[in-house]
Amino acid sequence: MSELEYALNTFYLLISGAFVMWMAAGFTMLEAGLVRAKNVSEIVTKNLGLYSIACVMYLVCGFFLMYPGDSVYNAYFPMIGSTWGMSLDGLTFNTDLGYSDAADFFFQVVFVATAMSIISGAVAERMKLIPFFLFAIVLTGFIYPVQGYWKWGGGWLDAIGYTDFAGSGVVHLCGAAAALAAVIILGPRTGKYGSDGSIKVMRGSNIPIAALGALILWLGWFGFNGGSQLAMGTIGDVADVSRIFANTNTAAAGGAVAALVLTQIMYGKADLTMVINGALAGLVSITAEPLMPSLGLATIIGAIGGIIIVFSVPLLDKIKIDDVVGAISVHGIAGIWGTLAVVLSNSDASFGTQLLGIVSICFFTFIVSYIAWLLLDILMGTRVSVESEIDGLDKTELGIEAYPDFSK
Amino acid sequence: MSELEYALNTFYLLISGAFVMWMAAGFTMLEAGLVRAKNVSEIVTKNLGLYSIACVMYLVCGFFLMYPGDSVYNAYFPMIGSTWGMSLDGLTFNTDLGYSDAADFFFQVVFVATAMSIISGAVAERMKLIPFFLFAIVLTGFIYPVQGYWKWGGGWLDAIGYTDFAGSGVVHLCGAAAALAAVIILGPRTGKYGSDGSIKVMRGSNIPIAALGALILWLGWFGFNGGSQLAMGTIGDVADVSRIFANTNTAAAGGAVAALVLTQIMYGKADLTMVINGALAGLVSITAEPLMPSLGLATIIGAIGGIIIVFSVPLLDKIKIDDVVGAISVHGIAGIWGTLAVVLSNSDASFGTQLLGIVSICFFTFIVSYIAWLLLDILMGTRVSVESEIDGLDKTELGIEAYPDFSK
Amino acid sequence: MSELEYALNTFYLLISGAFVMWMAAGFTMLEAGLVRAKNVSEIVTKNLGLYSIACVMYLVCGFFLMYPGDSVYNAYFPMIGSTWGMSLDGLTFNTDLGYSDAADFFFQVVFVATAMSIISGAVAERMKLIPFFLFAIVLTGFIYPVQGYWKWGGGWLDAIGYTDFAGSGVVHLCGAAAALAAVIILGPRTGKYGSDGSIKVMRGSNIPIAALGALILWLGWFGFNGGSQLAMGTIGDVADVSRIFANTNTAAAGGAVAALVLTQIMYGKADLTMVINGALAGLVSITAEPLMPSLGLATIIGAIGGIIIVFSVPLLDKIKIDDVVGAISVHGIAGIWGTLAVVLSNSDASFGTQLLGIVSICFFTFIVSYIAWLLLDILMGTRVSVESEIDGLDKTELGIEAYPDFSK
């Protein structure tokens, strides 16, 4: 490998990582737009906090747990279980990786918060701040790295041939499974489900910033999927990365169009929140295999993702799983679809192995998360009081209203 | 061409394309901020939908119509008129292009929505959702690709020497001409123009996100203009791309400063919406020739763009062309100026040929669009009812208010 | 140097510059979110205007003053004191720089507005528009370039060994010192400080866009710090840039976590505006030396920055320095800390020299700015009337309300 190829690889990984970091803004805007005005500052605080905690925890122990065999670790982290003292020699030519050590760490660390961001949206409007952050420590420092190791760290899921290019399962399904555990422990928002089976619509307070959030995520996903090729210096690699960019974009478009057309047909009116979630579901769906499908197949895979969530979101409401922003549908159900859809274009993947991967990630994450949430619930309570919920978490949990100048 | 030059070219094109995709968020925020609160969700839906539809339609037939002679097409699209089955061999070394096939498609597909985004702003607050999306299919699948072929696909405008580097004419003027046709068919918003010649100011509901939209577009324009060099691997190419970046930035700054100073002088108060549109007009003005001008000339070209719209926006109001966000002025009038301004610095361009290009693009797009809008108007009506307009399109067309928690 | 290394360097610098330009959106959103609703359009106008003015003034004379010995200048700017006619030969292989001339100019020009953006936040809600823009001309055309020359142009601060990688001192402290001068001349907002020593909390009107602003800045900072390496074509350079990316991210995370935990402990509730400013303070703190610290040390440097502003913001309030968004604390106090923190990891830097740099930049900028603000105050008054302040600057200075549809 030439010095310049190494340089180009590294630069590409850094830019991809910056795009993934930008997804933190996407989740923040999406969730801030989809909660009620009285809970906006609180969800913003959770998003800023969780991203920051994820970065620190992954540094302290997550990276080590996820990539114990990584050459970066072996060469540079003498303290077991700690990347804290990471001080890389600027002149090392790490041809094992094909790019700089610190770029490797940077690209990995920005991924971690994604899983936790999924949770913040699902548990919005009723969870206390402190147990949320404590769980963020557990998920980003331990749960995510351990199951991430199974596939990307070279663990058993990798060994049996489970295929997950950029993480429909490892990232999105993991986050959704932990979110499901949290939502079950927490219960639905007060007044959401009537005893007569009625479902109260609780509208998002700022639709344009929710849409902005979705478009930020769309942009960031080019780094998320495109960067996961991890190489950009040969004709083959750049052709692959190019196809990943084109497929990622077209899957999102397919998901949005499918949700748009379907809600127009089903309800007589297009449902914007479904269009937003349809685009995101398209993105999640193509994430496990953004490389192999043709553009047409990628569009269809995304469109099916969009269709899935149009049915999944009301279905979860029916069984009283109160997921405020639809995160469990978008990242969980579409994540399962995406992981299975790998077999449509990648002949190396088998349906059984993909299913085993899904089940393993789901069960492990759900069970460990459930125990963690339960402990937090016993120790300090995870849910705010009904009064606090009615007054809004901005006032009671935080003391900073999001829009103090706009009357309600 | 070396493998690494090919890789760098491709990477540069992908990043440029991602920046152009990001412009979808720019148009969405700009338009969401400049319409009244009761029409915000609707305009957001139109923007998300049109971008997605553009991606799908360009895949289905647009790319084929615009680049029928493209080596990508010849090699990989066996089905006439369809890129749907595009499945590129990852190892092809396409030295005709100098970059990967899929990167070529990606960079082209993200451009298409821009023209349609221009229309959504002009027809805001009174057009039905479904005919808008049907027209999006026509424009992005047929009108834009056909006139785009004339220049960029190697058609007759290219043959006679019409010069349009990144699309002041091909993209911006095309969108503005279709918008003009739509606005004429639709008519102005109810109450906008009094019978006594008075003009009612209908204020945008969220100025900071309108400004955010403009700044997103400013950023995205580096991909739009900078990427259009299509090569980044030689000293000459990188010098060109660098000049394009610097000129694009300075033209936007020139447009903003000119509009700021001019409105301060003319009205005694700076007009922020003019500053926003001035920056955008500066960007449109430099788009036809961002390479050849000196930094000083680029600033002046942008500043003239900014000055133009300060006069053009009220002028259109005077002749009762109700363009909600000023899109026809910014993309049309400044687009004409930019296309003509090519002759100031590029000796290969002639005033007559530039004018012929402008007239051809305008007439073709306007006439075909006018017929399409007219047919849609006859078939299903393009305009919402007066009651719907007064209640707001969010309620009547969509059923989702943008800001349900803020009283009005 | 090979042609491709030169190309990669240039591309990297252009992308970095685009990220820095994007920080203009960050400051705009941050400040628009943290002022009251009645002053939002005005602060947005100031931000769009100052960025544009900075670009024009740096072109007219700033670049020349800051880099008089630059090979770009020597070769291409025959008119003394003017880069206006900059028309670069596209085929020059400028091996002195290692990247294209115009990329050099572009990367420098986007930096300039940062210093001025710091001021707009501090003086918000009470300063007139015109003197603000006149001062922007002075700062971006003269004050910033002159003290910038001392270090980055090869002046006396550089000669004595003052170390400031990406500008904790040269950019952030400079802006904060000018802001302090402005705030002293202006005085606090009416009603901010009671005669009984009480401090009135004046809440920001749109918390999610303030958070968006912070996240935009976080993203842009990868270009700000990462780009300042100015080279990306060797193994050593890419390793350095990678470490800068990773350290920049972790310092921001450290700052946010520190402010989150500290305000939770001190006040019993996490303070979101402190978390936002903590992240920014972390970024400012690592800017003078983002390369040498280990990841752990970078996190701690950022965390100390976050801790500093939790104390600094109320302290400035106590001495009646009314800094609306906390800019003087974030960019000034954390800027001083960052400049001094260089000695923790860079053995070439000495505490005394760093201190001398801080004092020189502060005094020069403060004194010249104070004189300029004083002259502006005498000539035209810098402060709006009390009535204007109560009614809001959007109405009185601008005539465009930011949120006309939301009642107050």
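Just so it is clear, A, B and C label the chains in written order, and each chain counts residues from 1 on its own.
The criterion applied here is as follows: a residue touches a chain if its C-beta (ideal position, glycine included) is under 8 Å from a C-beta of that chain, and two chains touch if they have at least 3 such contacts.
Quick caveat: nothing in here was measured; it's all calculated off a predicted structure.
> If every step must land on a chain the current one touches, say how few steps get you from chain B to chain C.
1
> With over half of the numbers shared counting as same, classify the chain A/chain C interface as same or different.
Mostly different residues form this interface, as fewer than half of the numbers used are common to both chains.
> Distance-wise, how many Å sit between the C-alpha centres of chain A and chain C, to the nearest whole number?
Comparing mean C-alpha positions, chain C is 32 Å from chain A.
> Two or more other chains touching the same residue: where does that happen in chain B?
If we look for residues of chain B contacting two or more partner chains, we find 4, 8, 11, 15, 206, 209, 212, 403, 406-407.
> What part of chain C is in contact with chain A in the complex they form?
It comes out as residues 2, 4-5, 8, 11-12, 15, 19, 36-38, 203-209, 211-212, 214-216, 218-219, 222, 226, 232-243, 245-246, 249-250, 252-254, 256-257, 260, 264, 267, 269-273, 275-276, 279, 293-296, 299, 403, 406-408.
> How about chain C: which of its residues touch chain B in the complex?
The touching residues are 3-4, 6-8, 10-11, 14-15, 17-18, 21-22, 24-25, 28-29, 32-33, 40-41, 44-45, 47-49, 51-56, 59, 83-93, 99-103, 105-106, 109-110, 129-130, 133, 206, 209, 212, 397-407.
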